[in-house]
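Chain nomenclature is as follows: A, B, C and D, assigned in order of appearance, with residue numbering initiated at 1 for each chain independently.
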Amino acid sequence: MSESAEASEFSIDKIAPIPIHHTNMGNPNIQDAERAIFLTPSLEEEELLAWSKIRNYCQDFFSEFLGTMTLILFGDGVVAQVVLSGGTKGDYQSISWGWGIAVMLGVYVGGKSGGHLNPAVTLANCLYRGHPWRKLPVYALAQLLGAMAGAAIVYGNYKSAFDAFEGGAGIRTVTGPTATAGVFCTYPAPFMTRTGMFFSEFVASSILMFCIFALADPNNIGAGNLMPLCLFFLIFGIGACFGWETGYAINLARDFGPRLVSYMIGYGHEVWSAGGYYFWIPMVAPFLGCAFGGFLYDVFIFTGPSPINTPMLGLQRLMRPRRSVWSNTHQSTIETKV
Amino acid sequence: MSESAEASEFSIDKIAPIPIHHTNMGNPNIQDAERAIFLTPSLEEEELLAWSKIRNYCQDFFSEFLGTMTLILFGDGVVAQVVLSGGTKGDYQSISWGWGIAVMLGVYVGGKSGGHLNPAVTLANCLYRGHPWRKLPVYALAQLLGAMAGAAIVYGNYKSAFDAFEGGAGIRTVTGPTATAGVFCTYPAPFMTRTGMFFSEFVASSILMFCIFALADPNNIGAGNLMPLCLFFLIFGIGACFGWETGYAINLARDFGPRLVSYMIGYGHEVWSAGGYYFWIPMVAPFLGCAFGGFLYDVFIFTGPSPINTPMLGLQRLMRPRRSVWSNTHQSTIETKV
Amino acid sequence: MSESAEASEFSIDKIAPIPIHHTNMGNPNIQDAERAIFLTPSLEEEELLAWSKIRNYCQDFFSEFLGTMTLILFGDGVVAQVVLSGGTKGDYQSISWGWGIAVMLGVYVGGKSGGHLNPAVTLANCLYRGHPWRKLPVYALAQLLGAMAGAAIVYGNYKSAFDAFEGGAGIRTVTGPTATAGVFCTYPAPFMTRTGMFFSEFVASSILMFCIFALADPNNIGAGNLMPLCLFFLIFGIGACFGWETGYAINLARDFGPRLVSYMIGYGHEVWSAGGYYFWIPMVAPFLGCAFGGFLYDVFIFTGPSPINTPMLGLQRLMRPRRSVWSNTHQSTIETKV
Amino acid sequence: MSESAEASEFSIDKIAPIPIHHTNMGNPNIQDAERAIFLTPSLEEEELLAWSKIRNYCQDFFSEFLGTMTLILFGDGVVAQVVLSGGTKGDYQSISWGWGIAVMLGVYVGGKSGGHLNPAVTLANCLYRGHPWRKLPVYALAQLLGAMAGAAIVYGNYKSAFDAFEGGAGIRTVTGPTATAGVFCTYPAPFMTRTGMFFSEFVASSILMFCIFALADPNNIGAGNLMPLCLFFLIFGIGACFGWETGYAINLARDFGPRLVSYMIGYGHEVWSAGGYYFWIPMVAPFLGCAFGGFLYDVFIFTGPSPINTPMLGLQRLMRPRRSVWSNTHQSTIETKV
């Protein structure tokens, strides 16, 4: 399999090779021999374990889906609790905590696919760390759908509280004294200019990717097995230091997915028009920011394998758009037959 | 011993085999030879060290009892401090801290038995990780009694403060401006419907078990020796993100045990009737939620030994209720004679 | 040296053997050969490195002194900042943070002597972990003096702020609206009975020692190299859950040392008489509490070398007060001649 | 290279040797063979990879620059968010969090050069840990410029918020009800005397260096790979315990760099004159404090290679100012030819 080798990407120290499961289970070397007994497959296992094959094939999708779902469960959950309780069950710092924990646990859940949880992070991994390009749409779709699932569960969980806070079942407002749309996605502070919004998201995304690459760099100090914990601190920090102006979406899936859900729920057209049609900024700026942040790290610090460390800073990939140049996995289809 | 092999369960990286103590102590290879001297047993040690044998036999019970007692000491302690001081010695975030630390320290204390501290977690380990079924009642009883002991100690410690806050010795109220019953167990927010209460506990319990299995999965990133620390963040997160509506009991022992204690203390029948006889929801929902959360993880991500990874997702255990099928330890009584 | 073998005590995973320094420095195998050059002693090193010998001899004293000084610097420092700024530069939770960090850093600083920082912890280590009894007074003295030094530095640092808050240089009050004596040591909440005060300190000290032994037990999960971090959480938890009623002194050195300093500074006789001559409770209760907490852990969980795991739970030490029985190091003076 | 051997300095467990990059990339032993393919340099690599050579040569500069930039991005960022939002998006504790995370992430980013981020820390490393003296100006310059870059980015990011808070574009005040100069650098509390200011910065810097050396001492407990996390707690603790009176600059680069930026932006002469020309104190006191704190640790605890552990406590370096005595790298230019 040529695609299963992204092991050195950002959040994974070691990905155990995905075993073929029924073989593993019959393995007599398994540590807890006793426990394995009730798991020993009976006769027709070959035919029956179809699900393990499907899961193995879809592992990236499931992993990113559930990881991003966990991200949004905690992330939107904490905003819901703080907003709907009128600040009595949490404050701004709780939100920093909640989102930090959300990313930390999301990465633990989605570790098998790298725990990107963010299309912009996947893009940066494709650009600079050899993540296969053809996986980008799979990851992005899984992340988007996972975010939508998480937002829907949060809404279901807090439905009574939404009704109580908004003053009636079915009333859902984006602006005004009892606005609750901010539970799902980000809206900018009122004094922001368009340029300021874009710059703020761009800076926060750059810092995100720059620090992720620093934490994952084995030639630097490197976070090692503390990676998810360090991501907690990173997200907490971005929330505490750059989170006010635009709400630090820094993630298309995190913002657009729940925004779609809030539109479906009945918040109306204002989810798109609020803040001067702000909604497209957290869809675009994170990609540019993460690409720039990763570029900065690779140019000035990273010494491992990166296009930046090839002739002309890897720019011939842009200038000679042949598959053999831009594809991260091109030659492997020919050579990895051993 | 066939039951001492649950080592790969959730919160234990490595359980050292429980040594026969007096042998260990006489061992000349012990590192601190000097210190061992004052411990060298005198002549009749074989007869005298009866307690070590009893402790060894009851280790699971003692371990879960003391672990859950620690859990409730810190958990109910922090609520007592916040409530009885009128919010001047802590706020809602302190409660998140307190419960997170409570679980973390409880797991460290109760590590020898796996640090479940929660009958629903024990159930999920029986269902999916081969924990012996016959240990379930022992664990559940130890957890319940431990929770009651912890609640009683907290009450003893804060008795003067209860009297000062309620306005008199012996006055104990479940509702009203000086209600203190919330120190012991959870009561739902007033706007909640019955369905909402159940769903909220179910969702929180599902997330709990789903994340525990993710953190403990060695084929995923895995928390490794950071497990208790990660549980701190997990519980903090559940408290900050899903803790408002029903108080995130997610644990029969944590809720029913202290509720019994509060009934004994003299809070009256209202501890049962409050919230529309809410008390049964945190007794039932956590089991269903943890079973579902564990199922979700095993179906979509887990590749290690689990009934889900046997033919028909392990459902023949339900359909063929023979001991050889549903027992986690059945065949071992025959085969582990080597 | 027979006393240098307390390595398995609570907060130290591995204490590197204290090397004879000038030998080590001349060692050609040292990793950074280049850096060692400027350190190579010149001719008369044997005579000149007297200080290294003194330091080696006094290592326990220096280590506990500086560790406890660090403890009080951060601990009293945070209370000073919160109290003197009128709550604008911190709140009750800051105090939990400050004391947690204080213990964590104090243990890192005082690691060479075990990082006890507390006479009651030293006592429990003597009772249950073979710490040499004759070191107890050395440790206790170092801890007391270190605490006094820390309190004096905090006072020097915040002198202007004391004057500004109390309303004039030299005015120092123990009670009243601008009381600042609580910066140095603990005073009980006004509603507490004498029994309640004692019980509260006793319970908190028991929990402290019980959890320390759990965290340090290599046969349990064990905190390993996370020990100082876990102590942060433990102290934070005790502060958040049991810190209101008496201020969780749980340490003679931490309370009596700064109290002496505050008496010297000019707070007057009230530092002793306040709270019904409360001052003796944090001097006595921690010893009893720590002894009880350690006893509890060893009886019900600990399986390593402990007097509890000897015949008759080690009680013959109490009944036969001969040196060969109660001394932790007695026989070593005879036998360790190899 | 004689200067690349500072590996045992404070924040680095292991610095991987900086490889010559194009060699590494063509290495067939690279783990992810497949990914390496798109990185294989084409023909003229030798000529083209000039940038890798430049980066290698300037690694210390880039590393300290970007590390200190990260420090100020988060550190000034959190103050900006708290001040400009009027305390609604954070409070004093957020500032402790922000600066703690800032140092933690800054050290991860700047790990290749040791992550000093502070000229006073570099000085202490030169004095006591054999850091090459000639690197001191390079480090200090990189730190100063990095701090200025970080402050400029924070200003750009929050420009709209500055205007909204100050009441108009271009209005920038150092004192008064809408003063915002505190976002960039520190100003003392109004009640402080000159001596108090100096003493406060001196004490905080001493504690900083004393604790850094304790955390980095492999003969003590040692933070190991938890070093950046422990620095988070250390900085948080200094902020919570000693941060009120002067704002805990404890770093020339952190204070003077952003102060220069604020002067350029248009805050006027008052950035220098405020607090009785306070600005020079955080430029001088940290050097003295860090030198003293490091001295204290080496005298009383450190047993590894340090001038303190040479004859006469290393003071002959002061008395015999010959290059062979004071230079940390002198003899290496002669001897390291092997």
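In this text, a residue touches a chain if its C-beta (ideal position, glycine included) is under 8 Å from a C-beta of that chain, and two chains touch if they have at least 3 such contacts.
Since the structure is predicted, the reported quantities are computational estimates derived from the model, not experimental observations.
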Residue numbers at the subunit A-subunit D contact, same meaning over half shared and different meaning under half, come out as different
Cα superposition of subunit B onto its copy subunit C, rotation angle rounded to the nearest 5 degrees, comes out at 90
Taking each chain's mean CA coordinate, subunit A and subunit B are separated, in whole Å, by 31
Rounded to the nearest Å, the gap separating the Cα centres of subunit A and subunit C is 44
Subunit C residues touching 2+ other chains are 93, 226, 229
One finds touching chains in the pairs A-B, A-D, B-C, C-D
Residue set of subunit A touching subunit B in the complex reads 11-13, 16, 18-19, 21-22, 24-25, 30-42, 44-45, 48-49, 51-52, 55-56, 59, 62-63, 66, 70, 73-75, 77-78, 80-81, 84-85, 88-91, 93-94, 97-98, 101-102, 104-105, 107-109, 111-112, 115, 153, 156-161, 163-164, 225-229, 232
Counting only contacts in the complex, subunit B reaches subunit A at residues 2, 5-8, 92-93, 96, 129-130, 189, 191-193, 196, 199-200, 203, 207, 210-211, 214-215, 218-224, 226, 229-230, 233-234, 236-237, 240-245, 296, 299-301, 303-307, 309-313, 325, 327-332, 335-336
